[in-house]
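Each of the next two complexes has subunit A plus one other chain: subunit B in the first, subunit C in the second.
Now for the complex of A and B:
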């Protein structure tokens, strides 16, 4: 069965799609009114993200899981406890209903795993050629707990990551290019809510900055941290956790893994004193089992992110002008 | 200047687009972090809507104004005071930058008029042919004040609307079909926040249900109200405020104005005693100056919405199965 224009009308077909296909899958928290009514106490974080990735199914996930985890992680890195998501679908006419169902099931599973409720939504159907199968927007609300305060960053702070770099971007590129040797390479798409919550709970005050390294990868996050500041970010190349399969795909495609998208990785800047202890907390969680210190904040190259090789060579990691990996999320 | 793939990367071009084009236009409330931090007290309403309308510029508005007002109105009809919006853009490569700028200016003007702040956003650029120029998702948060309680609807309640029916849908169809005689026909795209707030303020308890009549029009909203209930919704045909230009376009295209989209009209079910007084309040606002009573809840045809003509004939207004007007919002 294929998606028809009527599935996006205000009529019976749309009501059936919402009731029988969407709501049964996304769960009873979906409120059918024009807006969901929610009880909230105190300050909140509010975010939005549209997902246009191709292919929509890939090793380690799909656009549905990505849409949930991406927004959950945007809230988590802001020090908020993610609670409520919206789900807005733009579907191309002719999409297989079975594919839509699979994506919705995946959204629900990801939402359940992250402990968030999908509470409101919207469904549009556009003609063939007016979209590429499906785009998903998720917006999210989280309750603010402890927010990392980036202004305190200073020389000597440690730069951490919770695991391997570039898995998502290279899994997508391998899938697009049918690179058979990359078998086993999977997106790292995952919720970081539990892991980040534990770090902020056990080390309040030690985390100065946190950001999930999605589009633009680790190098772009570091550029954001140091832009216009009196300090730089030095990564130690031998410390970088990059899988051989990722290096292989990067080599073939001429891509630097430090600019490749991740969907389950956060870059953290923390007090050097607390760094080892925070790594231990990260490693207690499946999403952080390969956590490590990858670099340090220092004043040698203010405003720059750069890489120091094993033999002491330095390579600047500039903010890219153009896109290295299109439609990666 | 045209939109390039790099405008959707995590790099310099995207940063420039966000800083120079988007943020300057949408206003300084846009927070650049992964999520906006907001102070909220008490229960909230949360909604989302994606806008895929074609054409993106039309008499009386554009996709930007529509995206702001549509979400503002979804919150307002739930009895919430709209406060914060997100703005997620999916832009087709090659779109004219000037068109994007015009749309953003329009969003800002609509947000200012409605008294809401755009606080967070996302920008994706997809290749030519993967989208149709621009899709905009706005999600919104409002503070809940008085919520209409639909369960109290009963025989004798009055059905109100705040002005002419079908203007948006027919303005769009006229623009698409170059119907020159429809000159002057404009979308009714507008924020209903002030008008609805005044009604709920001055007549707390008298409004039982409220819904903006967008996709599917007035007839679809009425079907939603009466579905499975022991009462029906009777519209009095001579009472329906429908412009001659709308009737003209409807006649030519074979469309029933009662199913045409509106973007500045709310259908209300209110206590009959208070109906005239509520109409007076509506008329104090520009969006409600042509407000009137268009029908009544009664038990003759339970579960049905229907029309009674001047000579007493009756016509059922079924819930349509398919789409009458594609890509109308």
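Now for the complex of A and C:
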């Protein structure tokens, strides 16, 4: 069965789609009224993100899981405990119903895993060609618990990441280009809520900055941290966790893994004395089992993010405004 | 090679003493980027300068070639298949990326064989492959033409724009305007043509040459060897990439290339026409020659005002000497091809050269 224009027209087909397909799959938290009524104590974090990735199914995930985890992670890195999501679907006429169901199931699984409820939503069907099968927007609300300390970053702070760099972006590129040798390469799409919560709980005050390294990758996050500041960010190339398969795809496509998107990676700047023990906390979680220290904040090259290569040479990591990978999230 | 050896090599390079300025040139886009990426360029001893030569195939492709390719796409409604690097290269009036956005059927492929596959699957359409590259890609392009003929695929052709590196270096030196003390020669190209093919450079022009690979250790070994050869006036070709490069090259690839192509004069950006520096499709395969199959008259060539790619490719200036560098000309909005290609010197300087600026 395929999605028809009538599925978005407000009539019987649409009611059926919402009742039988969307609501049963996304869970009973979905409220059918014009707005979801919620009660929340304390300060909240609120965010929104749209997902237009192609292909919609990829090794290690799909657009549904991405739409949930992406928004959950945006809340988590702000020190919030993600609670509620909205979900707006823009579906291209002709999409297979089975594909939609698969995506909804995976949204539900991701939401359950992250402990968030999808409470409201919207569905539109657009004519063939007006969307690329499906676009999803999710907004999320989280309760702010412990935020990163936001103390001024300074010389000697350590830069950490919770695992391998560039998996998502290169898995997508490999899938798009049918690069056969990339077998086994998977997106790292995952919720970081539990892991980040644990770090902020056990080391309140030591984490000065945290950001999920999605579009633009690790290099873009670092540039953001140091822009206009009296310090720079130095990565040590030999300590960068980058899989051989990712290096292979990067080599073929002329892309630098440090600019490739991640969907389950947070870059953190932390007090140097706490760095090792934060790494051990990260490693207690599956999303952080390959966590490590990748670099240091230092004052030698203010405002610059750069790499120190294996032989001690330096290479700049400029802010690239060029879109290396169109539509990877 | 283990870490300790690489570190020792790095120290030897760092501590190498030069009493006078020395200028060495590489003629390979991969070397351009790898000298930066590995950090080797950053640990050069004082007085050593690496000059980027005409080693990026996209960069040396003249506007007239791309103008013709675009005109063929427009006038004949064919599918244009190209390596991704060519997409954003500005032609006189447009680019393949712009043409694609306005309706031309342009497909990015990773090998000419992929372009042939497109033709096989869509026999009703003509597929024209933009064949730009040095001796490294020419054998695959030749093999594709042979495969097309063997399979009886008639809706496929190539636009031969392949170039030969030795005549280019000779032409550069014959111009006599750039001072270079020695050359780091491309490993991949040399694997095809052989290290012996470079002998005219030391013999005719008195310039020492080293064939080098692409790993950090290769770059350092090659540089150290070349500095020593220059110091001792050793006018030969040393092969520091012997694990891959043979003196006589790769005979199978060469004979494949010679079956389909023959040397021809070719126009290089910035240098002009160099006799015998290009590859034309032999008469026997002329039905696969897109220029013959789709005759067009492209509009008059226009160069980009202010772009100094020509001087750059002749080794006369560094990218940072161009007033447009990093200002009007950036990777996302390139003015010249040297800022487009991942192997272009301007793009490499922009991306990795922050400590040289």
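In this text, the second predicted complex is superposed on the first by the 326 of 329 C-alpha atoms of A that agree within 3 Å, B and C clash if a C-alpha of one lies under 4 Å from a C-alpha of the other, contacts with A are read in each partner's own complex, and residues count from 1 in each chain.
The rule we apply is simple: contacts are C-beta pairs under 8 Å (C-beta built on N, C-alpha and C of every residue); 3 or more make two chains touch, one makes a residue touch a chain.
Just so you know, these numbers come straight off a predicted model, no measurement behind them.
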{"item": "First, second, both or neither for A:75, with subunit B first and subunit C second", "value": "first"}
{"item": "First (subunit B), second (subunit C), both or neither touched by A:98", "value": "neither"}
{"item": "Which of subunit B and subunit C A:48 touches, first, second, both or neither", "value": "first"}
{"item": "Partner chain in contact with A:320 - subunit B first, subunit C second, else both or neither", "value": "both"}
{"item": "Touching partner for A:135 - first (subunit B), second (subunit C), both, neither", "value": "first"}
{"item": "Contact breadth on subunit A, by residue count: subunit C or subunit B", "value": "B"}
{"item": "Partner chain(s) touched by A:87 [first = subunit B, second = subunit C, both, neither]", "value": "first"}
{"item": "Partner chain in contact with A:10 - subunit B first, subunit C second, else both or neither", "value": "first"}
{"item": "Overlap of the subunit B and subunit C footprints on subunit A, listed as residue numbers", "value": "320-323"}
{"item": "Partner subunit A, residues of subunit C touching it in the complex", "value": "3, 6-7, 9-10, 36-43, 84-85, 110, 216, 220, 330-332, 342, 350-355"}
{"item": "In the complex, subunit A residues that touch subunit C", "value": "177, 237, 252-254, 301, 304, 306-316, 318, 320-323"}
{"item": "Subunit A-facing residues of subunit B, complex", "value": "4-6, 8-13, 15, 33-40, 42-50, 52, 54, 73-75, 77-78, 80, 84, 86-90, 119-122, 124-127, 129-132, 135, 137, 139-142, 144, 147, 211-212, 214-217, 220, 259, 261, 319-324, 326-327"}
